[in-house]
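Order as written gives the chain letters A, B and C; numbering starts at 1 within each chain.
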């Protein structure tokens, strides 16, 4: 495998690197889910992580966001180690994820789902956080409105989240992540299960978000990946097998064999 | 400070206590593993075993008949509880099962007082099992050895059944996924009823066995249920071998603890559970992700 | 069919982001408190014994309220609230007998004791979830019970008696409070009513605060709360400690009134009974469990004379779990929202039950 490594990680670490992994390995008992992955996510771009099922893409997200701790290796965000940090501390640093399976507060309204997320930046354990009414936390309320507008959910803001349509639920999922104030937003299959129309809508949203946020996508739809990514990382069986811009990936032999060729 | 005889005696006592508790805990953990139900009424079933035992033993004059008939009666009660009260609640928050079975436990305790009175009763130990075994300076009641033997044989048999036969496959399948049981061609609702009936019968056996060596009283159900919970939780909810292992552990801790400070045996037990859960949040043999 | 299921979904009490107690709800609660205030003096004249029951109702309502704040509202299934209740009670008993009967000193200390005990139990327990959390809290509470029962503190400190072992501490004087004679039962009743009302107001406020919303989020989806940047464990411990404070306060009110601090107050059956009150009243609503506590205490009092009262109490309980899982609060809410269909709903619930028992759901 070694010979296929395009560059050493160091050569690629530039001022624009936002997140970087060095020789990260994650094992679950006997199973090696991520094997010695070194990669870097450039700031201000859309990076896609692709690869067949079981390639370790979601595990990688779980490592970035602190759900799992790497068995070995390091993860750095803005040159600060974040592996081993608690998930909420990593969010504070600016790394936020959205989930593949819609994962929010079904019984709350759309607005309250988003507001709860924006609130994290305004409240803590001060006296006023216990004694004031939650709707009087103006910053959180205003931010929530802005996010709702951005993900086009203002119309249904008062609807209970479980009553939203599938496409709206997926947008809310992204909205909650946005509300947490990410510098780096990790999106796990944002278009999965969507109709062509919904997909188009979501792609538009992604590109809009990318105007001020660094994005990493896990995405299966190759057309979308090739269309919107500036940088692509290809995983297979827990290993990084290639990376480059869409044109390079399209023509990469190993990628063809491991992934694209099979389809 | 503690001589060898005392230590051996305590060990035997601990094993005996552990094995009988395992009978109660086994049902509890299997019911949880398959039905996702925390059965607070399990102690009440154990108590019913003892009371049915008292009645059968006095009416028919035979401990042996009591040991067979009482658990069967308890099994019937268990089946009724499953069909009439647990079944309508499947799929709801498991909390409701705790509360429901808590209510059943309170009811049963009240009923027992109504029927048998509040005073302590006892099951007569048969002549063949009375007397003590003496070995050097160690003396130990024959009946207690009998209790140890019977419960060990039963637990051993269940262990074999679970690890060797189709029953085990069903149990393990439904512990993961009830749809799998369906796919294997078994009627899930029958399997569920069967598990509760079986667990109830085991608790009934434990009730009869201990009813002849300890007192039979209306408080015994709530007394044993907490111990059984501690055991099941230490072992890991749903894990049969975890339950057996930790039942023996608790039995021994209680027996040895009684040598050091009799009034603090419960403290040792709860401290042990706290330590285990703090280190392993879902028990010794539990799944890694706490439910 | 789906609607019926939805109607009986326990979580439905928290529909939308409707806050705990709307303005009309507040008015109702306020009215009830005023009513209780008027009722007290009347009961004191007509049937003085029932004033004693009313104080007990208030104390347990406070305890149920404190538990609901973590159990129903934040989803922390505590089966160990007896520990904070008893600890508050014991600290009050010791202070009154050894130091001062001044309520302004003792009650805050009882509350702080509850906070401290809850913080310790919570800190160890929040790493586990669900039923494991429940069992951990139960285990810690039982350790307190055994420690009080065996008078472990006295053994450790080498003195004769601290908790009084299985006898408990008895002959505890009533509070003194700047010139008010609290040995007059009606005054004690007013003090308790006032504190319960203040506690309810505070906890409702807390439930609707930014902090409270995070707790509610944790109940709904713990993982996601962490992934939007909240320190879940810290929120849980703080919430648990606050709840413990009110449980401690309830203990501090109960012990001088009973003139007794007994290990039984720490026993898990107290925690169990509390959970019963919560369910009967409708958890997660804060006011429901207080109704539940009142119902249980009054039922016990009324059925106490009947030999089979446990059977009846247990029976009521089983019926509530099966047919009205949202408790009294749920019944009241659905009556208010949809009064005309009450009979149809009840009939549907029974038909649904029969169908499920037959296994044709």
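Heads up, the rule we're going with is that a residue touches a chain if its C-beta (ideal position, glycine included) is under 8 Å from a C-beta of that chain, and two chains touch if they have at least 3 such contacts.
Values in this document were obtained by computation on a predicted structure and should not be read as measured data.
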{"item": "Chain pair with the higher count of C-beta pairs in contact (A-C, B-C)", "value": "B-C"}
{"item": "Most central chain, Cα average position", "value": "C"}
{"item": "Chain at maximum distance from chain B, centres defined as averaged CA atoms", "value": "A"}
{"item": "For chain A paired with chain B, centre-to-centre distance based on mean C-alpha positions, whole Å", "value": "49"}
{"item": "Length of the line joining the C-alpha centres of chain B and chain C, rounded to whole Å", "value": "31"}
{"item": "Where chain A and chain C are represented by their mean Cα positions, the distance between them in whole Å", "value": "42"}
{"item": "Residues within chain B bordering two or more other chains", "value": "none"}
{"item": "Multi-partner residues of chain C (at least 2 other chains)", "value": "11"}
{"item": "Of all residues in chain B, those that touch chain C in their complex", "value": "38, 83-85, 87-90, 92-96, 98-100, 102-111, 113-114, 189, 222, 226, 229-230, 233, 237, 261, 263-264, 266-267, 270-271, 273-274, 277-278, 281-283, 290-291"}
{"item": "Chain A contact footprint on chain C (complex, rising order)", "value": "11-12, 14-17, 19, 205-206, 208-214, 217, 220-221, 223-232, 234, 238"}
{"item": "Touching residues (chain side chain C, partner chain B) in the complex", "value": "10-11, 77, 124, 127-132, 135-136, 138-140, 142-143, 145-147, 149-150, 152, 268-269, 272, 275-276, 279, 307-315, 317-318, 321-322, 325, 352-353, 356-357, 359"}
{"item": "Sites on chain A touched by chain C in the complex", "value": "65, 86-89, 91-92, 96-97, 99, 103-109, 111-112, 116-117, 119-123, 125, 129-134, 137, 140, 160, 176-177, 179-181"}
